[in-house]
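Order of writing sets the labels: A, B and C. Residues in every chain begin at 1.
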Amino acid sequence: MPDDQMPDERMVEVRRAVEAILMVAVDPVPPNLLAQLLEVSTATVEAQCAALADGYEADGRGFALVRVGGGYRFQSHPDQAPWVERFVLEGQSSRLTAAALETLAIVAYKQPISRAQVSAIRGVDAEGVMRTLQQRGWIDELSRDPGPGNAILYGTTREFLERMGLDSAADLPPLGDFVPGPEVVEALERGLMADPGTPADQPIEVPIEASTGDGLVGGEPAEAPEG
Amino acid sequence: MSVTVTTAVYEGPFDLLLNLILKEEVELYEVSLSSIVDAYLVELERLEALDLEVATEFLLIAAILVELKTRRLLPGRDGVDADDEFGLWEERDLLLARLLECKTFKDAAVVLRRLAAEASRSWPRRAGLEERFLGMAPDLLDGVTADDLRAACLRGLAPRPSVHVETEHIAPIRASVADAVAELVDEIPRSGTITFRHLTRGLVDRIEIVVRFLAVLELYKQGVVEVDQLGAFGDIHVGWRPGAEPGDVDLIDAYEG
Amino acid sequence: MPDDQMPDERMVEVRRAVEAILMVAVDPVPPNLLAQLLEVSTATVEAQCAALADGYEADGRGFALVRVGGGYRFQSHPDQAPWVERFVLEGQSSRLTAAALETLAIVAYKQPISRAQVSAIRGVDAEGVMRTLQQRGWIDELSRDPGPGNAILYGTTREFLERMGLDSAADLPPLGDFVPGPEVVEALERGLMADPGTPADQPIEVPIEASTGDGLVGGEPAEAPEG
């Protein structure tokens, strides 16, 4: 049904759903995915997104809806960059969390390694932390597991090794006669199994790291007890 | 009166008792204790493994109930030791307090479930910084050395500390009757006749002693030992029955009572 | 400068900056941090955030600005849950079992509390349940008991508050609300009665419905154990 024949209520419904989905999306959402989810045409999605973007701009919102990287996303308005910079510089502590450092170290020593293997070793879903490590340019996708599932295998980047003053991962200080825990052995031996991702029928492990910002920065300690 | 309790899953003795008293709308003294025990055994089967801690807690409560019930049934209480009477009331009040506490948190949990259900209808924004701000975030690798990485890797790969270790002083003793039977079959024939006190020397936890006692009862049931107690509170003498062979003993896999 | 003396442009500036910062924040941002960054009073931040939240609601936006876990955050509007669920395949939270919820309630109200204390209240060993709660980020180790044994003391996390939609643990309904009423106490007392003077054939009337419904033991259907 072309836009001009769509009842107003349906348009409002599409707009609200787009706002809700884009608010929780981490990456830009392609218009055809939105169209499929909302059961409307891609043209309708694009028209509604354009209307939303114009509306935010006209209302002088501090955020914007933009089309980037093949999809739509919310982001801070460019003219608010000075405030966001302040938030980035002053609003966060600059301590790498122990959890993030351990994840980084495991990738460095055990590369190439899949996200599922890292998660199995860490005991929590490593997705959030690994994505941020990747955004920072410290780890990157190296290759694909040739086995079933073709899981993405990660390793450290050249820049990261340079920062550490190393020529290659082989120059990392040896771990020595260290016996890893059984869950580690199992996770690594299970081999480069298919990355299970997050199957919908399995309980989702809440990544504890996710509760401290981007997972890298030390957040507040656990809530102080009350009463 | 039949008590049907096979549909609910009980989390321990308080659950069961609360349920019997409140939900089933029964007068506890009209419920035969055997139906409480039966209901509990059903739950134990569901658990597949006998949790000694749960079981002993339940037995303790059952014992209090039995005593309360007998007091109730027996006519006249003349000659009852005042201290005993007082102790019983104390036990009862303690049990009542625990039941009330249990019920309080059960109701609080219902509210938490509702809050969580309401909150779960919204998803938080977690997209984080846009690319252009990533570069200006503080350099988190500042001061991190290759040796730090090595230490972090060792921490990450180390066996995760078992929670048992941290609270060993309160962790339940996982004593098994089967193990105790095997030990007794080794020990009693060598000693001839031995006192129960001697058989439990060095045991600190009450549970371990209880398990030893159950093992003795098991051997008695199988007819390989003789048990004798000369007077009330006197030493219990356990002796290997002449002619019985240690090989005759069924080394039980799991204690079935 | 009090709100009522602040020029409108400054208010608009504060609102836009708040919108921009919350758009890039991963965790709820405390009002005092916003106040510090924007160089206004915390009261001003709170007033402007409230104005924004009301505005989004009035405009029928698909997202909401809420105060939760000690700060402000953007989230999808609750009534958009069906659409967001389509997008977020995983589902937000795995449901907790009745046992886990009861344990969580004990920790929430009695924190800081040791595992042994929780076990004593529940009448069963709480180790497994508490480990699960900790892995999922609902509770965490707060401190060590200074007394003998140095037992680990647990409390709820900010993640817990966020998942309950609460701003702080103080916003939990008072525990006193759940203390069983006199009729329940009486019923329990009668159930444990040792006094032969009370007629045994008198039925106990327990207003189960009156006492917060399925809060009673066994009132809820058994839940599938979590994996």
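Keep in mind that, in the parts below, a contact is a pair of C-beta atoms (placed from the backbone, for glycine too) under 8 Å apart; a residue touches a chain by one contact, two chains touch by 3 or more.
Quantities reported herein were computed from a predicted structural model and do not represent experimental measurements.
Asker: Can you name the chain whose C-alpha mean lies closest to the mean of all the C-alpha atoms?
Answerer: Of all chains shown, the one whose C-alpha centroid lies nearest the global centroid is C.
Asker: By mean C-alpha position, what chain is farthest away from subunit C?
Answerer: Taking each chain's C-alpha mean as its centre, the farthest from subunit C is B.
Asker: Could you please state the distance in Å, as a whole number, between where the Cα atoms of subunit A are centred and where those of subunit B are centred?
Answerer: 44
Asker: Roughly how far is subunit B from subunit C, centre to centre by C-alpha average, rounded to an integer in Å?
Answerer: About 30 Å separates the centre of subunit B from that of subunit C.
Asker: Report the inter-centroid distance (CA atoms only) between subunit A and subunit C in whole Å.
Answerer: Centre-to-centre distance between subunit A and subunit C: 26 Å.
Asker: Using the touch rule from the top of the page, what residues of subunit B touch 2 or more other chains?
Answerer: As it turns out, subunit B has residues touching two or more other chains at 123-130, 133.
Asker: Check each residue of subunit A and list the ones that touch at least two other chains.
Answerer: Residue numbers touching two or more other chains: 23-25, 74-76, 84, 88, 123, 210, 214.
Asker: Name, in rising order, each residue of subunit B that touches subunit C in their complex.
Answerer: Touch residues, subunit B against subunit C: 5, 7-16, 18-23, 25-30, 51, 53-54, 57, 65, 68, 71-73, 75, 77, 88-89, 92, 95-96, 98-113, 115-116, 118-130, 133, 163-164, 166-167, 169-172.
Asker: Once bound in the complex, which stretches of subunit C touch subunit B?
Answerer: 22-26, 63-64, 66, 68, 73-79, 81, 84, 88, 92-93, 96, 98-99, 101-102, 104-106, 108-109, 114-116, 119, 121-125, 127, 130-131, 149, 151-152, 162-166, 173, 175, 178-180, 184-185, 187-196, 200-206, 208, 211-219, 222
Asker: Which residues of subunit C touch subunit A once you look at their complex with the stated criterion?
Answerer: Touching subunit A from subunit C are residues 12, 15-21, 23-27, 29, 33, 36-38, 60-63, 70, 74-77, 80, 83-84, 86-91, 93-94, 109, 111-112, 135-138, 140-142, 155-162, 168-170, 226-227.
Asker: Okay, in this complex, where on subunit B does subunit A touch?
Answerer: Touch list, subunit B to subunit A: 123-134, 136-142, 144-150, 152-160.
Asker: Where on subunit A does subunit B make contact in their complex?
Answerer: Subunit A reaches subunit B through residues 23-27, 73-76, 81, 84-85, 88-89, 92, 94-96, 98, 100-106, 108-109, 121-123, 128, 132, 135-136, 138, 160, 163-166, 171-175, 178, 180-184, 210, 214, 216-217.
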